[in-house]
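Look for chain A in each of the two complexes below; its partner is chain B in the first and chain C in the second.
Presenting the complex of A and B:
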């Protein structure tokens, strides 16, 4: 093994040793934050997949909610094992993504924003009002834990393995032909269409893949917290996902990851009230949109002088 | 039948005040304004605060609220929004940040309790077997007059004409000597003022909470989908369709499901007419 290879593997080895042994020296609170961050990372890398095609959905948290509620309802009503519920959650979320995305993506641009946001609000009202199924405002309590485990470390390992697998899949997807074609759509949609990329199908697939992973994450959320309630899937949560993606800069995979980890740690360590948290995110989002519209990854690329100068077609206000 | 007609027209007029401004912002700035509902909420909250804390009579409070929120909208466009004209994704994210800010500022100012304004207009009348209160009549009259006045403004006044010109072709408008950036800022200010007016009127009828902006925003979205993005007459007609649909589902299905049914209607229309009922083809 030569020196260069060692240099590239060493951080990964150290990192995995750190994360694998974390439960031995981390406090329960730190473990909890780590689980929250792992689930958030799954959300953000899934969300980014559609975002790189130049289309942001405003209902990503809804797919997380669909996953969580699917698991909660299947476990408490039918008593199915967690593995089955886990798979069902992801499939359910992806199916909803197809259902919403199909009419919304047949049209261009603004309609998709409006429909995805509308879907978020409608689903939220359903969660709040369909008492028989979702338990309304109070949600569903007493979801049995996986195989009766009530300690935190197993959930830590579950979330960690799932998060690592998701990031690895997204990393491979990013470098695959499909991923490159998604970037092409984001750079020049009409051009991509002309060279034979099926824009609608690619976007729909990206939307469904992101939604599926959000559903899996929601399933872990449900069994980790042992209850689900609409408050975890409200407006601020869906805006925060978009904020992570914008602040991180969606052009690279690690940009949103850095933003998610940093902002989650920041918000959790300050322990602000929901109101102040919302104002904090709004202000940070404003600052980034005004000063650095390409986010953290754009900033670092500029500092390194490596930024690809993208040609923008500037046509006034249209 | 009476309540349905009354509430249909009332909802329709309120939604139209929202949707016309939303539609103008989309048509002229090419930005989906997510903060439109929160502008309405702040219209109601500011009116409430002026009436209850400063003890200004309702009509004075209403005028102050509309002017101040309109000016703030104008200022927001000049300072922040102008960078995002024509940038659909960027504009959506900035207005979403504004939504987050205004919503949480609303919770900060008002707290979770539901508030109300004391009676503004006394008296009630029996029309078509239903009771029409003074406030409802006031809201109806003011909103209809303002909407008609706004249509007149768009059609005959020079500024309104230049707004339509920018909407049709901003570059051609620029070459004709129209100050496009100025027109955009005025549009944003006017749309904010219209939303604030709707908020003020709603404050006199319904209860005031920081969460009151979300439903009108979604209704404005649905109206815009139905009427076609960018078409002001389409928005006008669709507002009253949705208003009556809301009144009917409120009466026969239950108010908590009205929004979901409206949204279902919008999705069906979008599948049949992808550009809405009166939308332009690009």
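Presenting the complex of A and C:
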């Protein structure tokens, strides 16, 4: 028992020490990549929540954008403190999710996908063209840093704590009754309905929670980069989020997390190595999907299943 | 007052009338059977009662309350729960988890409390689990309670479908062809299970193709054909009803 406890705590302790001391031995470039990964992780665990129920949206990056622009506009125009902007960003994104989700969730599968794509296009067009508010293609520059801090480590810690908190909440949510009901909806929507689960409300809530966290992440993005521009919230960015989720496989929380960390590192390291990188990225994804159609989650499940079966047999022989 | 009252329900699909001015009552405590040939409108009636479809006209009352056009989850909350003809289960969850999800219908979730880790919420979850274990045992699934639903043999899957519905503690349980495609052994097990559920005080409305089962266990049988009620009565009366034999059973062989 004690040994098992130690075994479960040890990786957390080592991990915490590593991440807490990282700014001392990490290069600025590595520190930057770590921040990117932290924000990406918040995006993916939020996106996954609705994905579990069998609905994939195309507009998750849009909620990230809404958060980033909300903070950018509130800070540069009204000079509000970061804390207020941060909260406002999350609330704004969640509110938009409700607004879009309310009608859109009455459709299924491909239809919902297309409607959310429509929302993405509308919002992107607004970002590009409403110069007075969004700055158009150039975006909004010179966003004042949080409390005047311009060094990287504080942002590293901010992103890290926020990411850890998000993953913790998602972890608990996953195991909560609400989380299990989301899985149930993904498995058999009509059965969930006739045993008394309000499918529409569950999905809408999942969509809004995911969007809210994306909004918070966008707020940190705006302050960290000190500018926002549509290029960070374009088609390729939203497709990559979907790719993380599919490659990770939504059935476990860890699948998409592993996929996001691995693919972000992979993409960033390719950036150093010349022109063929995009093709190499695509080839790796392609091969992986051929070999593991249920993603990393599928691999995790298989391993767990094997272990469970072994335990089952052990019981049988005793 | 009947527990369930279907009053003059009509359901039209384009030009086709699947149900025509159909009346049906289910009294509290009884095991009512509904039979009819393929395409008679039995499944449509189930869909209309459980809120999956809205009737073209007519009313449905449950415990005296008008539930016509309500959403399925609302109707389920009121205590009217159905099973599906095709095996619809939460395939990627374990047997126990399948039942546990359905156990929760009465209590509102406290998701925030669960995320923070409140002990009172944990306790309630434990209670639900205990209840789920009880139902798993009652439905004869305890040997496979840890398996994923998709890995179960057909007979077990059908039993799990009933277990899920039972876990919601329904006042009226509507079973849609629970023994279809089962072998003799599985059929006997399911029949006994249905009788037991009924003895414990749950009212049951049963749709079935296998006439034998309906004749054996039902108190009262309603026969429909072409969306209309053609006979109603005790199994014995139905067996000897000329209309039924001619219009539906065709030859007497089927009856015995």
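Note that in this section the second predicted complex is superposed on the first by the 279 of 318 C-alpha atoms of A that agree within 3 Å, B and C clash if a C-alpha of one lies under 4 Å from a C-alpha of the other, contacts with A are read in each partner's own complex, and residues count from 1 in each chain.
Please note the rule applied: contacts are C-beta pairs under 8 Å (C-beta built on N, C-alpha and C of every residue); 3 or more make two chains touch, one makes a residue touch a chain.
Just so it is clear, the model here is predicted, and its values are computed rather than measured.
When the shared chain is aligned, chain C comes close enough to touch A:177, but chain B does not.
After overlaying the two complexes on the shared chain, residue contacts for A:154 are found with neither chain B nor chain C. By the touch criterion defined above, A:136 lies against neither chain B nor chain C after alignment on the C-alpha atoms of chain A.
Contacts of A:293 after superposition on the shared chain: chain B is touched, whereas chain C is not. Set against each other, chain B and chain C touch different numbers of residues in chain A, with B touching more.
Of the two partner chains, chain B is the only one that A:117 touches; chain C does not reach it. Legend: residue contacts after superposition of the two complexes on their common chain; A:281 is shown touching chain B, with no touch to chain C. Look at A:56: by the touch rule set out above, it reaches chain B but stays clear of chain C.
The intersection of chain A residues touching chain B with those touching chain C, taken from the two complexes, is empty. Residue ranges on chain B touching chain A, taken from their complex, read 26, 28-30, 32, 34, 80, 83-86, 88-90, 92-94, 96-101, 103-105, 107-108, 166, 169-171, 174, 180, 184, 214, 218, 221-222, 224-225, 229, 256-257, 259-260, 263, 266-267, 270-271, 274-275, 282.
Of all residues in chain A, those touching chain C in their complex are 169, 172-173, 175-178, 180-181, 183-184, 186-188, 190-199, 251, 308, 312. Of all residues in chain C, only 50-52, 71-73, 75-77, 81-82, 84, 88-93, 97, 100-102, 104-105, 109, 111, 114-117, 125, 146, 164-165, 167-168 touch chain A in the complex they form.
By the touch criterion stated above, chain A contacts chain B in their complex at residues 54-56, 58, 103-104, 106-111, 113-115, 117-119, 121-122, 125-126, 128-129, 235-236, 239, 242-243, 246, 274-276, 278-279, 281-283, 285-286, 289-290, 293, 315-318.
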